[in-house]
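Letters are used for the chains, namely A, B and C, taken in the order the chains are written, and counting of residues starts over at 1 for each.
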Amino acid sequence: MAFEDYEPVIGLEVHCELKTATKLFCGCRTIFGNEANTQVCPVCLGLPGTLPVMNEKAVEYAVKIGLALNCSIAKYSKMDRKNYYYPDLPKAYQISQYDKPLNYGGYLDIITKEGTKRIGVTRAHLEEDAGKLVHAGGKAGRLDSSDYSLADYNRGGIPLVEIVSEPDIRSADEAYAYLTALKNILLYIDVSDCNMEEGSLRCDANVSIRPKGIEKFGTRTEIKNMNSFKFAKQAIEYEIKRQAALLDKGERVVQESRLWDVTENKTKTMRSKEEAHDYRYFPEPDLVPIILSEDYVKTIKDNLPELPGAKRARFVSQYGLSDYDGGVLTSDQELAHWFEEGAKHTKNPKGLANWIMGDMAAKMKEQEKELKGLKFDQKKLCELVDIIEAGTINSKQAKEVFSEMFDLGVSPAEVVKSRGMAQVSDPKAIEGAVDKVLAENPTVVADYKGGKQGVIGFLVGKVMQATQGKSNPKMVNDILKKKLDA
Amino acid sequence: MLEKTIHEVSADLKAKKVSSAELTKAAMDYLEEVEPKVQAFITITRDEALKQAAEADKRLASGKDITPLTGVPVAIKDLLCTKGIRTTCASRMLENFKPPYNATVVERLYQAGAVSVGKTNMDEFAMGSSTETSFYKKTKNPWNLNCVPGGSSGGSAASVSADQAFASLGSDTGGSIRQPAALCGIVGLKPTYGRVSRYGLIAFASSLDQIGPFSKDVEDCAIMMNTIAGHDPNDSTSANLPVPDYVAEMKKSIRGLRIGIPKEFFPEGLNREVSVAVKDAIAKLQSLGAEIVEVSLPASPYGLAAYYVLAPCEASSNLARYDGVRYGLRETGENIVEMYSKTRAAGFGSEVKRRIMLGTYALSSGYYDAYYLKALKVRRLIKNDYDKAFEKVDVIATPTAPNPAFRFGEKTGDPLSMYLEDVFTVSINITGLPGLSIPCGMSKSELPIGLQLIGKAFDEATLLRTAYAYEQATPWHKQKPSLRED
Amino acid sequence: MALSEKDVQYVAKLARLEVTDQEVGKYTQQLANILDYVEQLNKLDTTNVEPLTHPLDVKNVFRPDVVKPSLTQREVLSNGPEVQSGHFKVPKIM
């Protein structure tokens, strides 16, 4: 069977570290990057005799996530113990949620080539993070060839929300879109730093394929160690192809966990002697149930900021932007805010949007500048937009003005004035130049009158030359036409 | 002087008839003198005790902030964390473990000015009914050194019975305070679940464990409860309810008190001496003005079976953290799994291993419903029985243990025969109700017999009241063991 | 459900307890006896009975998101069987 005849079935599990000041069950700090084992107490070290006490802010953030993902919030929720042995797990069990997660049955909309697609969110539950292991000795850094490992429990106990999607995703592109949309939502509601390099956002993928038209799911593999959305997309693409190749050969896909290897650009079996874990889940006896009132949930819901999807739709209707524009501007909450503040100062928000998405974005990337570090504000950019709209300068000049404003922070009006750029838009002045050009180019005029209307461009160029490029090109064109057609 | 009760010696301390330093030195000297016979202690903390005594004397001299425990020597079961002092749970696994923090109850004792003489022997990780599973030593029953003191808090019971300490703290998961109290002829109370903080209690079974006092009489028990009871924000399962003045409550009349006698606790074949002593005690209470009512707790005989699912299940998870990584024993291994397995094999005794395996099995995939879930449902049925009975009565009276103290080795051959020691005590842990044991007679071989009083949740006051009335009308609390052998 | 030696070996592995062949036999018998005793739970009809997980009827116990002092690194490592450069050292995981 050809590769195109398989349909990929993908589900994503995203772990999001919450940016609470303290851990889930104790008062230790959650700061990233401090010296090993300096943010640990008897509770998160799992010392004998210690007991967990739930962080109220973690619950609030978890509910925020559930609401932002259109989930139902559980009226009755509880924590459970997930029992397994690993040196980064101090109690040899993780306090998580098994059968009564805080949030369930939600969704997230993504934009694909075919339009909007809804990806189901099965659940988003609260759990504690494990510590960190560094594998050393031997081929240091690699789990499968190290001689020993070193454990640091600073990260142990930090609150996580595990967001599990329905297996509704059908391509690596869709997976990428889901991840970016999800991250954007999490940043908007300000519950996490979402920094994959620091580990505050992690994702695993469950990938399987089935022949198109067949309902039964194929065997799935779990892909781990995808440290960026880009790698996630590559890994999923690779895995789909790998599975298709296996099935084509008549072989079976083995249900297993695989790692994305960034040096070889492949997924590889995780060499492990572990059989499937029997987690022996049971309700956590050291914690009591969580019963959230409707008022509690409503208060959180009422205080949610406008989410990306809603903001995008509003930008389209309120500012006359295209869907695409709306998407770009809302892909970053700060950028969206910057645009909206700017839109107050111009009658041409579309023009403003174009500058932001075009030249401004390009120069910001080139000079590695962030919004905070810009030398100009929205008012100045709007000034430029209005100057262009008024026809004072043409588009070529505009780019120059923009550059100077971006690099030096000078106001566009200043630049135009100091460089004498004011576009000649006085019909009388232009007529003079037009008459001269018409007189100097009789053959071209004859061609035009003979039917070759396209040559007007040449004549426009000549007029622009004669006026040092300062004429309003449209006006030049109109006046030329009037005289030629007369 | 060392034969006195807390309330008697406290009066002496306040009246400056003796200083805490003198008292403590005398207590330590005597403790060490009889210790070769009693073997109640794993760690004796002479230096710390004398330091605390000196502090207590300052406090007593100032006349400010004096409690009934100020300057009084007490002992602490070796599963309560004491900062900087070895806490072993009578296991090889924690042979050199020094907690960096104090259990809440220990803090409260210290704040009251009590003097801690040492950490007492117990069954390993609180699993046992005779203190025979301790890795370190076997504690002897002061009434007959060839007999067990009961368990798991055997050391705490024996030390009070032998006047090595004025009172002690123990823990009770299935009867581990009440049964040793009965076998050693002293008062032991297991408070309502949640009455006393479990923070710093090295966990055996989280939904069953409670800390409670051993004392020479009921008033001392009330004094201890006044000190240790009350809400602790570090323990999510600790009740946020006010603590009554148990000493004041204790002296109220029992006229009209309704005492329930459940027929299931007086089966055919109950040890005759126990049956007679307990029935006599009940008759005594009747003569003091109580009303005797027959009740039935039909599901209670299943309590032991439910307990031997629930307790091992929770224990298998609570003891998983002993893996040689962060504290405790570590045996070398080629890799981590080998290290875990060898460490745990070497660190735990066979009773502990049995219960871990039993619990692991009952929680494992496929068996959860049949065992753990079933036991939780039976738990509900047993609770319903007690709730129903307590509509008709205020207190329930039963034997504490099915027999007086037995000889070493008598029950160690068959685990099940040892488990049956708890048959009258476990259903109280399962339901979370408070239970108190008070001496009510002697066997022909001069071994104590205990009466168990069971109360409504958070109604320790009624238990103390009932016990006090009985005690004041009987001679048992004045009897002292002779530390004889047979 | 008769408990077999294979069950005990599986369970010992799950619980990370090394057991010798000798011990397996002994434990199998003892555990089987206990499970036999526990079977009597099935004599009780528990249809429609809600499990009782917590003896205390308490809900919603929380603490505020306020930083409290942690242990020092030295205290954290103080009971460590093997420590190296501020970490707990363990043998290889694979």
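In this text, contacts are C-beta pairs under 8 Å (C-beta built on N, C-alpha and C of every residue); 3 or more make two chains touch, one makes a residue touch a chain.
Only a predicted model underlies this, so the values are computations on that prediction, with no experimental measurement involved.
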A-C against A-B, pair bridged by the larger set of C-beta contacts: A-C
Centre-most chain [mean C-alpha coordinates]: C
Intercentroid distance (Cα basis), subunit C paired with subunit B, Å: 23
Rounded Å distance, subunit A centre to subunit C centre (Cα mean): 41
Gap in Å, rounded to a whole number, between the CA centres of subunit B and subunit A: 58
Contacts with two or more other chains, residues of subunit C listed in rising order: 14, 16, 53-54, 56, 58, 61, 63, 71, 88, 90-94
Multi-chain contact residues (two or more partners), subunit B: 97, 100, 207, 233, 236-237, 316, 320, 323, 325-327, 336-337, 340, 360, 364
Set of subunit A residues in contact with two or more other chains: 42, 45, 53-54, 85, 87, 149, 151, 273, 278, 280, 285, 287-288
Contact footprint of subunit A on subunit B as seen in their complex: 79-81, 87, 89, 94, 97, 99-101, 103, 198-203, 205-207, 233-237, 313-314, 316-317, 320-321, 323, 325-327, 336-337, 340, 360, 363-365, 368, 372
Residues of subunit B touching subunit C in the complex: 96-98, 100, 193-194, 207, 233, 236-237, 239-240, 299, 302, 304-306, 308-309, 316, 320, 323-330, 332-342, 344-345, 348, 353-354, 356-358, 360-361, 364, 367, 370-371, 373-381, 383, 414-416, 419, 430-432
Complex contact set, residues of subunit C against subunit B: 1, 3, 7-8, 11-19, 27, 30-31, 33-35, 37-44, 46, 49-56, 58, 61, 63, 71, 75, 78-82, 88, 90-94
Parts of subunit A lying in touch with subunit B, wherever the complex brings them together: 42, 45-54, 81, 83, 85, 87, 90-93, 149, 151, 273, 278, 280-282, 285-288
Contacting residues of subunit C [partner subunit A, same complex]: 14, 16, 53-54, 56, 58-73, 76-77, 84-94
